[in-house]
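Below are two complexes that have chain A in common, paired first with chain B and then with chain C.
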Partner chain A sequence: MQLAVLGGFVVAGMAPLLHHWFGARTPLVMALLPAALALWLLGQWPTIAAGEVLLLEWAWVPGLEITLTFLIDGLAWLFALLITVIGALVLVYSGDYLRGHRDLPRFLVVITAFMMSMLGLVLADNLVTLFVFWELTSITSYLLIGFNHTDLSARKAALQGLIVTVGGGLALIAGFVMLAVAGDSWSLAELTTRGEALRAHALYPPLLICVLVGAFTKSAQFPFHFWLPNAMAAPTPVSAYLHSATMVKAGVYLLARLHPALGGTEVWVVTLSLVGALTMATGAFLAIRHTNIKKLLAYSTVMALGTLTMLLGIGTDGALVAFVVFLLAHSLYKGALFLVAGILDHETGTKDVTAMGGLRHTMPLTAAVALVAGLSLAGLPPLLGFLGKELMFESVLEVDAYRPLILLLAFVAAFLTLAVAAIVALRPFFGASRQTPKVPHEPPWGLLAGPALLATLSLLAGLVPGMLDDLVVATMAAIGAGEASVHLALWHGVNLPLALSLASLLLGGLVFRHWDRLRGRLARLEPIIARGPEAGYEALMRGLVRVAEWQTGMLQNGYIRNYLVMTLLVLLGLVGHALFFRHSLDFALSLDLYFHEAVAAGLMVAGAVAACVMRSRLAAVAALGIMGFSIALTFVLFSAPDLAITQLLVETLTVILLVLVLFRLPRFATLSTPQERLRDLVVATLVGGMVTLLMLSVLGGERLPRISDYMVANSQPLGHGHNIVNVILVDFRALDTLGEMFVLALAAIGVYAMLRFHAGEYDARRPAAPPERDDG
Partner chain B sequence: MEPLMAVAIGILFAAAIYMMLRRSIVKLVIGLMLLSNAANLLIFSTAGMVRGAPPLVAQGLTAPEGVVADPLPQALVLTAIVIAFGVLSFAVVLVRRAWEIVRADDLDRMKDTDT
Partner chain C sequence: MVRSGTLILNVAARLLLPLQLLFSLFLLLRGHDEPGGGFIAGLVAAGGFALYLFAYGRRAMHAMLKVSPRDLVGMGLLLGVVSTLPAWWHGDPFFTAQWWTIPVIDFKASTPLIFDIGVYLVVLGSVLTAITALVKTDHEDDAREVPWSR
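Let's look at the complex of A and B:
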């Protein structure tokens, strides 16, 4: 399985090559991969149904406990099956949808990679592996949303999706690390058995917040819902894939996966059910403002994601049953509807539902598919969507905290969703025919096959819900429900949920009837909606740019001394802090000193200071020479003959070089004001003082064993040399010396080049150079 | 001796940084020289300063008798002295070229690349 997923990335990379071989049939060929994976998964069904968990072990980075182990239980199986089946259908669909598009190979590369990342995400057992796949889905979806990269709004939407989801990803990795620390394991299979300990752990609140932020951003929960509808810039197969099966459900998947480990606490229940319910109502409400069919569907997806989150929050056995059924129902109908939306766009040339009408005459099959899927979205019998909605109402009625509020939000969401379903499934196909940019006709089978299959599945599962019993039980076992036996049935008898359904049917029908007028009214609310979370995002991005400009202007101002001062102050702050607060400043000073040593040190200091204050260049160079020779003297006095020799040679050469070159240089000029000099003096003194303190504290500290003892002991036996320093240079650390020689050679080449070509030649080669500025 | 050296090295560092903060390009070079010497001394003296025991092995022996000065910092400093000389000569020549072309001694007037 791991090989299949990793191989999938290779196949993705080979898409252009395959396209070269198979031409327009490439998508069909590539669809074989997810189809085969789906068949393999179906083959595992008996094992999964028996309640077993498949663990496919694969070590990756054993030292860090990172494994590529795949964990296949009911939940992972369900998601993986959805991903592969809808993936295969979407690939087939894209073959016709993007027929002849010049970037078809690129699309195939990205979507296949996306599919494999998603598969890896839902199958991964290891937190790190899961996170890697999680981020891969963010990146590939960025590429998919921005597929039409010449379109500014597509690029913007892609970036927005990326920033929101990756921002959440940052929180998620922090949450994962805390989770691993608290649960003492990186394996999901183990973590889910340690729920008690995790919930009692001190890290539980922060880790929950981090994980929730990650999941909420990915699954477009309020207030992060805005990126998802904007992602509509993507080509339709992508929209279908992004929404129905996968990416946005990744967050929901994660919440479901971690439900046994983290769920059930009060904060979990309240946060998830409230955020979920709020997202439901917001999504449904924002949906009916739009006439763009893809936006309508996108907002209704936000609503569905909210529902799923809410059900996980409620977390009773009934709610978990509702979760699984709703998840499945939504994947089936939403996939079908998005593909239908693509067909409409493809055939009519418009995405505006108000511009379409009467299409049932020209596209009867599409109309039938849309109707079935729309009924499921509306939650009407006998479709799976109805079952999902009934179960949802039932679980909402079981809620303890904030029941009236949540019930109200769920009800609002339900009737508005019904209106959305009617708008999407009825509006384009019924009523008077309208003129559309293209003359519509029934789409080719490649476009129709996918939605038709998905819609049929919705209908079938709705009619015979009993066939889902085992699947629901197996999935619930993974989410952490007890041993429950589930018997799904379409008809639950006359009860409160049914009454709610009827009421929502009535209200929803009303909204649909007066939709055009209602939209006009809602337009007045636009200014308020425009101040929503998306405005916050925009303001944040603008602020980011401004801060970046400000700090670049401040830090990168081109003055070398500002860089120096900044660096030195940071150094002072950090080292000074460590010195004063981590170490106490107590020095065991013993000053044993001979007079001649003190003289050498004094000369050294005097030379350095004189080099700073001399007004004449020659005097400064002479002062530097004095300092250099005193240093050599110090080396002689303290057992470093080699250093002394080198220092003497280098010092002599330096003085010669300076004398030769310096007199071609300008005289010293006083360029700074006394205030500037004082400031520099303060900085310099502080750094100098810090170095002194640092050295004193090093001297007073504990001596570690010398690493050179080995070199001292082995210089003669191994290196056959009596001068240990030399043996180190040419033998023990010979590579360093080689590097040093390279540096010197490079410096020599540079010096030669610069001395060789004089300014005159330089100007002669640039005859068009502007006249030299008069620098006075 | 080490505490005295610590003070001396501190003064050297201060002098180096003061010179490097000057706008005059020649003073920057002088600051560079002071800085490399100060750093060399710092490495050398923090390793402990030992009188009259150079890290040499007498003829006929396989290891020095008694404690000798730590040879590793000496090797490091030796490399550093030579490298510092390379850097210095490059910097000096670079400054000279810059002066020839730009005719500006003031670093503030050199901050634009299109001078």
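Let's look at the complex of A and C:
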């Protein structure tokens, strides 16, 4: 399985090549991958249904307790199946939706990479691995929202989504570290068994806050909900897949996964149920202001995510049943509706529902699919959505804390959602026909297959809910519920939830009837809504820019002498503190020198002094060269040939670089005042003295065991090399070297960008100059 | 200022470049047992190309190098990362070195060697990127007035 997921990334990278071979059929070919994975998952069903947990172990970096182990229980299985099945359908769909699009290969690369990241996220057992996949979904989501990269608003929305989710990611990794410390394990399978110890731990409150911020940003909970509707700038298959069926559910998944470990406390219950209920109502209320079909659906997704969070917060067995059913129902109908929205956009050329009408005559099949999915969204029988909503009401009625408030919010959300469903599923297809930018007709089968299948599943599961019993039980076992058996049924008898449903049907119908007038009224609220959390985000970003400007002016003022003084003073403070207060100074000073060693040292000192007092730049450079070569000589004398060669080469290249910049440096003159020079002298002397003391005490004390002994002893047997320096670099400490390679590469890109940027600035000041050509 | 036009430098650069490249490969391959290694070898090669650049100009150096220095950096990083994969395949911990002996020539190939080649390319590419970027703006300075030198 791990190989399949990792291999999936390779397949993603090969998309352009596949496109070269298969042309327009590439999405169909690539859909085989998630389809095969889905079949494999289905094959595991008997094991999962029996309540067993599949643990596919794979040590990755055992030294850091990072594993690639996959954990497949009911919860992971359900999510993985949704990801692969909807993924395959979306790939098929996008083949027709983006037919002939210039960037189709790029789209396939990113969406397949996303699919694999999302699979990794829900299957990972290790916190670090989970986090890596978590961030990968944020990045791929960024690339997909900004798919139409020539569109400024798409780029802005992409960046907003990225900043909100990655900002939450920062909180999440902090939360994970605390979680691992408190639970003494990085493995989810182990952490979920240590719930009591975790909840009693002193770190519980801070880690809970961090994890919640991570999950809430990802799953667009109030007050972070605003990025999700903006993310609708993405192509519709992306909205259907990432921003309704899978990625935005990652936060909910995480909360469900950690429910046995962290859930059940008062903080958890109150926070989750209140935030969830508030998100529900906000999402549903903000939805009906819009006429753009994708925005309508996006806000109703916010509402659904709020519902899921609230149900996890309530956390009773009944609420968890509702959670699983609602999750499944939402993925099915919302995926279908988004894909229908894409069809409408594709066929009519508009996303505005008020501009469409009477389309049932020209697109009867699409209308039927939309109707079925819309009924499920509305929560009407006999669809799975109805079941989800009834169960939701039932569990809300069981709440202890804030019951009236939560019930009110849930009820408002329910009837507004019903209105949204009617707007989306009825408005475009019924009523009088309208002129649309394109002449509509039934879409090709590739576009229709996905939504039709999802809608059929909604209907089937609604009619025969009993077939979900085992799945619900298996999933609930993973979320930490005790109940052994569940019997889902469409008809619950005449009870309070049914009455609430009827009331919401009535009110929702009213809202739908008077929607046009209502929208006019709501437009007057616009100034208040504009002051919502998104304004906070904008203010934050502006503040960030201002702080960045201030600190750049302060610290990054472009004078290398200031950088040096600052760096050296920090070094002095930190190392000096450690040296004098944490260790004691004890060393024996012996001046037992050979003559040639003294000469090398003398040359070094002379070079350094000369470089400071020289009156010409070339002479100063030459003096520095003398110092560098004497250092190389010292390396030779103390038998470190590798270091000596490196030093010599670096000196040579320094000369080359210096020759290149020499001509553009300003006149060589004394620019600083005597006071400044005195300050520099003091700093230099202090740093020099401290480093000398440090070296002496390191060499003299022998307080710590020498690591070089290990390296010398194991270089040949373990590293198969006699050159210890090289063995350390490329074998023992290869990870460090890899990091340094990236630093070096970044430095090179930085130099390149800086010099190019200067050239660009120069051009900008003189528009007449021909644009720069990049032939480098 | 680039492109010296000095006969001695021109001839020297042409003769020295292959020697320096050969020497850098020598350093690279023997690095595991004797003084040498990817970092030093990359510096030697960069020195050779820099000399050639001074003698014949940037364009000629690019023609000689065939690929952009920045692509060399990318390839080096890729090799560095790729060298971690065989350990995965064997189920060993991340970055465990793998060794194979190529039978006929009795050469010991290994992931550390692949990694070292990655280091070599990154060093070579980075140094050349910096140098060519500097040279490039120098050209512009020659063409126009130099705005920041007084």
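Everything below uses one rule, namely that the second predicted complex is superposed on the first by the 554 of 776 C-alpha atoms of A that agree within 3 Å, B and C clash if a C-alpha of one lies under 4 Å from a C-alpha of the other, contacts with A are read in each partner's own complex, and residues count from 1 in each chain.
Keep this in mind: contacts are C-beta pairs under 8 Å (C-beta built on N, C-alpha and C of every residue); 3 or more make two chains touch, one makes a residue touch a chain.
Keep in mind it's a predicted model, so treat the numbers as computed, not measured.
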item	value
First (chain B), second (chain C), both or neither touched by A:T646	both
Partner chain(s) touched by A:T737 [first = chain B, second = chain C, both, neither]	both
Touching partner for A:Y559 - first (chain B), second (chain C), both, neither	first
Touched partner set for A:H720, first chain B, second chain C, both or neither	second
Residue contacts on chain A - larger count, chain B or chain C	B
Partner chain(s) touched by A:G63 [first = chain B, second = chain C, both, neither]	second
Partner chain in contact with A:P404 - chain B first, chain C second, else both or neither	neither
Partner chain in contact with A:L658 - chain B first, chain C second, else both or neither	first
First (chain B), second (chain C), both or neither touched by A:G493	neither
A:R756 touches, of chain B and chain C: first, second, both or neither?	second
Shared chain A contacts, counted only where both chain B and chain C touch the same residue	641-642, 646, 650, 653, 657, 661, 664-666, 721-723, 725, 729, 737, 744, 747-748, 751, 755, 758-759, 762, 775
Chain C-facing residues of chain A, complex	58-63, 66, 641-642, 645-646, 649-650, 652-653, 656-657, 660-661, 663-667, 719-723, 725-727, 729-731, 734-735, 737-738, 741-742, 744-745, 747-749, 751-752, 755-756, 758-759, 762, 769, 775-776
Chain A residues within the chain B interface of the complex	558-561, 564-565, 568, 587, 589, 591-593, 597-598, 601, 604-605, 608-609, 611-612, 617, 620, 624, 627-628, 631, 634-635, 637-643, 646-647, 650, 653-654, 657-658, 661-662, 664-666, 668-669, 671-672, 680-681, 683-685, 687-692, 695-696, 698-699, 703, 706-708, 711-713, 715-717, 721-725, 728-729, 733, 736-737, 740, 743-744, 747-748, 750-751, 754-755, 758-759, 762, 772-773, 775
Parts of chain B lying in touch with chain A, wherever the complex brings them together	1-28, 30, 33-34, 37-38, 40-42, 44-46, 48-59, 61-64, 68-72, 74-75, 77-79, 81-90, 92-97, 99-109, 111-112, 115
Chain A-facing residues of chain C, complex	1, 31-40, 43-44, 46-47, 50, 54, 62, 68-70, 73-74, 76-77, 80-81, 83, 88, 91, 93-95, 97, 99, 108, 110, 112-113, 115-116, 118-119, 122-123, 125-127, 129-138, 140-141, 144, 146-150
